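The structure appears below as structure tokens.
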Amino acid sequence: MSSSLGKMFRVTIFGESHGPCIGVVIDGCPAGLMIDEGGIREELRRRSPREPEISTSRREPDEVKILSGVFRGYTTGAPLCMLVRNEDVRSHNYHEVRYRPRPGHADYTAYVKYGGYNDYRGGGIFSGRITVAMVMAGAIARKILAHFGIKIIAHTIEIGGIKARRPSMELIEELASRSPVGCADLKASAEMVKVIKEARRLGDSVGGVIEVIALNVPPGVGEPVFDTLEGDLAKAFFAIPGVKGVEFGAGFKAASMKGSEYNDQFIIRHGRIATKSNNAGGIQGGISNGMPIICRIAFRPPSSIRRPQRTVDLRTLKETVLRLQGRFDPCIVPRALPIVKAMMAIVLTDHMIQAGMIPRVIKE
Amino acid sequence: MSSSLGKMFRVTIFGESHGPCIGVVIDGCPAGLMIDEGGIREELRRRSPREPEISTSRREPDEVKILSGVFRGYTTGAPLCMLVRNEDVRSHNYHEVRYRPRPGHADYTAYVKYGGYNDYRGGGIFSGRITVAMVMAGAIARKILAHFGIKIIAHTIEIGGIKARRPSMELIEELASRSPVGCADLKASAEMVKVIKEARRLGDSVGGVIEVIALNVPPGVGEPVFDTLEGDLAKAFFAIPGVKGVEFGAGFKAASMKGSEYNDQFIIRHGRIATKSNNAGGIQGGISNGMPIICRIAFRPPSSIRRPQRTVDLRTLKETVLRLQGRFDPCIVPRALPIVKAMMAIVLTDHMIQAGMIPRVIKE
Amino acid sequence: MSSSLGKMFRVTIFGESHGPCIGVVIDGCPAGLMIDEGGIREELRRRSPREPEISTSRREPDEVKILSGVFRGYTTGAPLCMLVRNEDVRSHNYHEVRYRPRPGHADYTAYVKYGGYNDYRGGGIFSGRITVAMVMAGAIARKILAHFGIKIIAHTIEIGGIKARRPSMELIEELASRSPVGCADLKASAEMVKVIKEARRLGDSVGGVIEVIALNVPPGVGEPVFDTLEGDLAKAFFAIPGVKGVEFGAGFKAASMKGSEYNDQFIIRHGRIATKSNNAGGIQGGISNGMPIICRIAFRPPSSIRRPQRTVDLRTLKETVLRLQGRFDPCIVPRALPIVKAMMAIVLTDHMIQAGMIPRVIKE
Amino acid sequence: MSSSLGKMFRVTIFGESHGPCIGVVIDGCPAGLMIDEGGIREELRRRSPREPEISTSRREPDEVKILSGVFRGYTTGAPLCMLVRNEDVRSHNYHEVRYRPRPGHADYTAYVKYGGYNDYRGGGIFSGRITVAMVMAGAIARKILAHFGIKIIAHTIEIGGIKARRPSMELIEELASRSPVGCADLKASAEMVKVIKEARRLGDSVGGVIEVIALNVPPGVGEPVFDTLEGDLAKAFFAIPGVKGVEFGAGFKAASMKGSEYNDQFIIRHGRIATKSNNAGGIQGGISNGMPIICRIAFRPPSSIRRPQRTVDLRTLKETVLRLQGRFDPCIVPRALPIVKAMMAIVLTDHMIQAGMIPRVIKE
């Protein structure tokens, strides 16, 4: 286990799906940041299941409790610990999967790695529930970035094979906020909802793709050779359960482009250096170039489905059939939007501190 | 700059394209490993430009010199430093790009980040030349992994829009070795060669996709929540110049699959737990599950092209036109095969030491 | 702030003296360890003020709450979070020191570093109260070490100028347990108690020296050049409030010895390699040699005293006089014994995991 | 092995006593620093054996070669690698110690830890020769600190039981430079020389104590809870071969002081906050307070002596007698002065970057 991320803004996560709580400690948070618990709660609300027809029925109030690092409403520079209690827990559903790992889940690998001592209830620390900790830390990071004019937006661009068209950059956020699946192409959004409902009806699930964009990141963020901005962002995104691919700018499409098409020509825009296109996704040589940082993240379909599946009994090494019961999300993508934004904010904050762009005390 | 990778098997890189050498220090290498300089040289040879018609004409003998950490042919447990001299260097070609950043390159971001003090000749540390260090360290890591029966293979699956069909796992290596571009689909390989030659003729360049596979990795490798195997592999791959996307198993295609299609059902094969399909690419919950680890990596086309491009003069902030001269690779993908294998080997070695699967002394 | 210690067994601390709680997260704890909350409570009890006449009157029940990482009484391999609530808090005493830093305390440096946003009540995170987190983590580490036959003992060898004679190794623990100040020389112990009482009567305080010993550590623990066992132990001890010196084996006395006196000659004892003397304190070249690891730690007198002291008002930069009121410890040394043992256990556990001597799953 | 130190200014060391070279890589060095090889050479010269009568007869020209990270005389921000060749090597002297570990040395622990694969010639990486790498890195760090007005001085305060009186702070450097053993008390210096010569005559060795002082360090440097300034300095000093104790300010003497004596009262001096005394050695709560940082470091006598010693044959586990021949230093202290200064400079530079006090680009 290695549950910490970051070098100068270091996030440590703890808690399990069916334990008493999910928590996070942030080490290296600048002092002087005004903390607004309402803002954190609002982010958590976006992560919560919303429309009953397209998500799980597990409901949690997710009230944040700050245990340290904040005094009289401002961060102190000391480690900031935040907790959310787990409440709507129904552990009896999970006993049957203890020795019969669910296909697609971490049940089997966790069993092997931790010698069967892992908390298998609800997937333990491998549950999507752990992303509550990411969102809490991300809310702090986004507050810091906002102080420097940096904004992070995310929208759904694919669900269950339905692809969305990307509107102009300025409209994305507003349009996506009107979609129950966070898709800025409202026509595609309607189809996505249909696909999710159909999957739910069939006891199945669907995957999708999220695009996340950071605006106004100054040039010079990123620490190559190895701590590139792409590398550290990708590492952070792969910690979100269900992510199987990450690409920046033109991404996999760049593989079929010619250099003369791909290369972003330098121009002067509003008196500053910019690039005409943004196939690099705002990152060159692992360092931000001042253009929007654009990243797309592929989510596999949620593993928990009600359709019968083959598995193996870990005690007898005999094949068997698994029929899962419980409350499952037919599609994780809409709820993953705030998680993706959180992870991007955490990595950018850490890197901007490393680059000397965020001071140790912020005067708000 | 952060030029170290790994926690227990820690690789530190130094050197620039037009400096005296490229070097690497490995800290945490197990003692007792027999070091065969010929094997390292052979890996470097694969990374060297081969067919004159499809690659740069820069030629370097790339003789490895071991400066520390090896005594009487075996690793001692002390830091292992290896060097390769730079020889075929023609720096005068690069003076003109000092203040006129090449589109697609790190020239601009390096200039901003290092205040103009960066060594701009040949891209300095942002040059593909730095991958010599990765290949040297990877040769050591692959030797360690071989001791545990682990094998890494890589093949080209796309160049310039030409996609290859993947043969059965057992044939990949042999077939790819017969292709000048490392593609196991020999018909596609011939077309890829044509595409590269055409790009070279036009003073242009093309990108591609590499698939890398690790066989016989035991289950239990990977340290979630944050140091997942996918995350650390992706981070390592994004350190290779030109990488813009990384995906595991079904990858981006997983986004359009249903859970009932995607989930890899558990079965018993040869008396051991396996999965029927391998959409997870051998990794579940960030931990290896014993199946082949499969990863695809997208490379943008090389940035250096002879076709005229727009850029900006950094002194005057005036737009201008850049006409590059020099020796350029029209496609980096074939030469990237050993680099990709090296990075996978480095990450796997580091993670297996973390998991307690590789001892501190190897008795060969 | 950097509140994490360790590489493979990583301890992260949070909480403040007058905040809601003190907590710790352990990342990298082996799975399968049976957790006994009573044992942790017992360690905390030793850290609590005992004899009213020689310590503070602040009283806390210090009930440990485990928030994650333990399932059905065994560690799961996931991050282990433990909390203790702060209860007997009287914050009103501290308002007057906000802008008038206490001599000897971290009030001034914390004010400068965190721009005045630090939680100054009771010293915030600089309070001795934070050592509750160290003791909790240490209790887990000591449990792991006990599994491998390693035992850590500590005793007071100096308080307020009174020096103790060290009895034979086997008697230390039993004799020290009979002393209210943890001193195995019971005659010196009686004098130490007198010195502490006298200091308390005068509104003053006294310092002292603790010796901590680890028995049965196998040879080969320690990661030079930089992560030496001495270096990592010293770093851990200096994190305990009040420590100003650390020495191993003969320590400062070694400076006046001749090589022929100092060098520990190798001999065979009970069929195994040992050294005749132990001036090296069980560590050579930064690596354990199998002999007892012996370390002495100097504590300055507690800073909070009732005698009037000069200070400066941080708002006016005028000199002023400070008369502290509150509940102060005239001597921290007796309560520091379990803290010192905890830190040694944490470092040894981390290093033994690094050396591959502790597996990732312990079968108890 | 873990041969890297530092978080943002990261020093990695490689090389062995009898290998081809000693080298160091600095990762995270600010760009724009003017590099003067003469200055580095001068530091190395101070580390070299000087007076033939009081030190080893091994002589090396120690010419520094910069392999990367410097372009046109300025640091580029890329990893800076420096090398010194080993020349005056006489390996045949060491074959006899392969299986007969020298008392006081790391021969035995290295043999155990690295399974007998360690390079035993001259102690391999455990040799004092490795400190050449520390001095090279320290020369860079001292250059950076000088840019911010910070100065580091060191002097010998004890050798072979002879203790020196400390002159006033301003005189230390000048007086110490006139002593062959770096002692500012010239009367004590003469006695120290005598003691060393006598030890040499008898085939024996003597230890000593160095005091190192950093002037003009701004308040606010240090990252508690765990990365305290004392802790990171102590860890760095314990990496120097032969160090057995480290203390700050009043150090071990603080243990016998009363709080009313020890506490450094705050006063106003030249319009700024200062302390009247400096028993804290310039560090409170792990953070610098603006006063001189004062540290004392105890060195055991060098282990290699010509007098016969008992040891054990590692093959037969039989006791035997060792009679060493070769070129030995009867006292390492005088040569350790630049090493101690180097380590302090490295740690301070790293911490000041962490604290945001040193920018990523320095304009000289």
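For clarity, chains are labelled A, B, C and D in written order, and residue numbers in each chain start from 1.
Following the convention adopted for this analysis, contacts are C-beta pairs under 8 Å (C-beta built on N, C-alpha and C of every residue); 3 or more make two chains touch, one makes a residue touch a chain.
Remember, it's a predicted structure, so these values are computed and weren't measured experimentally.
**Student:** Using C-alpha centroids, which chain lies at the maximum separation from chain A?
**Tutor:** Looking at centroid distances, D is the chain farthest away.
**Student:** Write down the chain pair with more C-beta contact pairs when C-D is set against B-C.
**Tutor:** Contact tally favours C-D.
**Student:** Calculate how many whole Å lie between the centre of chain C and the centre of chain D, each centre taken as the average of the chain's C-alpha atoms.
**Tutor:** The separation of the two C-alpha centroids amounts to 27 Å.
**Student:** Between chain A and chain C, tell me the centre distance in angstrom, where each centre is the average of that chain's C-alpha atoms.
**Tutor:** 39
**Student:** Between chain B and chain C, what distance separates the C-alpha centroids? Give it in angstrom.
**Tutor:** Here the centre of chain C sits 46 Å away from the centre of chain B.
**Student:** Could you list the positions in chain A whose residues touch two or more of the other chains?
**Tutor:** Within chain A, residues 1-4, 7, 13, 113, 125, 354-355, 360 contact more than one other chain.
**Student:** Classify the inter-chain contact topology: is it line, ring, star, complete, or other?
**Tutor:** Here the contact pattern is complete, since every chain touches every other one.
**Student:** Which of the residues in chain B come into contact with chain D in the complex?
**Tutor:** Within the complex, chain B touches chain D at residues 1-4, 10, 12-16, 19-21, 23, 25, 27-29, 31-32, 67-69, 71, 74-81, 83, 113-115, 117-119, 121, 124-125, 360-361, 363.
**Student:** Considering the complex alone, what residue numbers of chain B touch chain A?
**Tutor:** 1-5, 7, 13, 101, 103-106, 108-110, 112-113, 125-126, 130, 158-161, 199, 204-209, 219-220, 222-228, 230-232, 234-239, 241, 243-252, 254-260, 262-268, 271, 273, 275-276, 279-281, 284-289, 298-305, 307, 309-312, 314, 317-319, 354-355
**Student:** With touch defined as at the start, can you tell me which chain A residues reach chain D in the complex?
**Tutor:** Per the touch definition, chain A meets chain D at residues 7-8, 353-356, 359-360.
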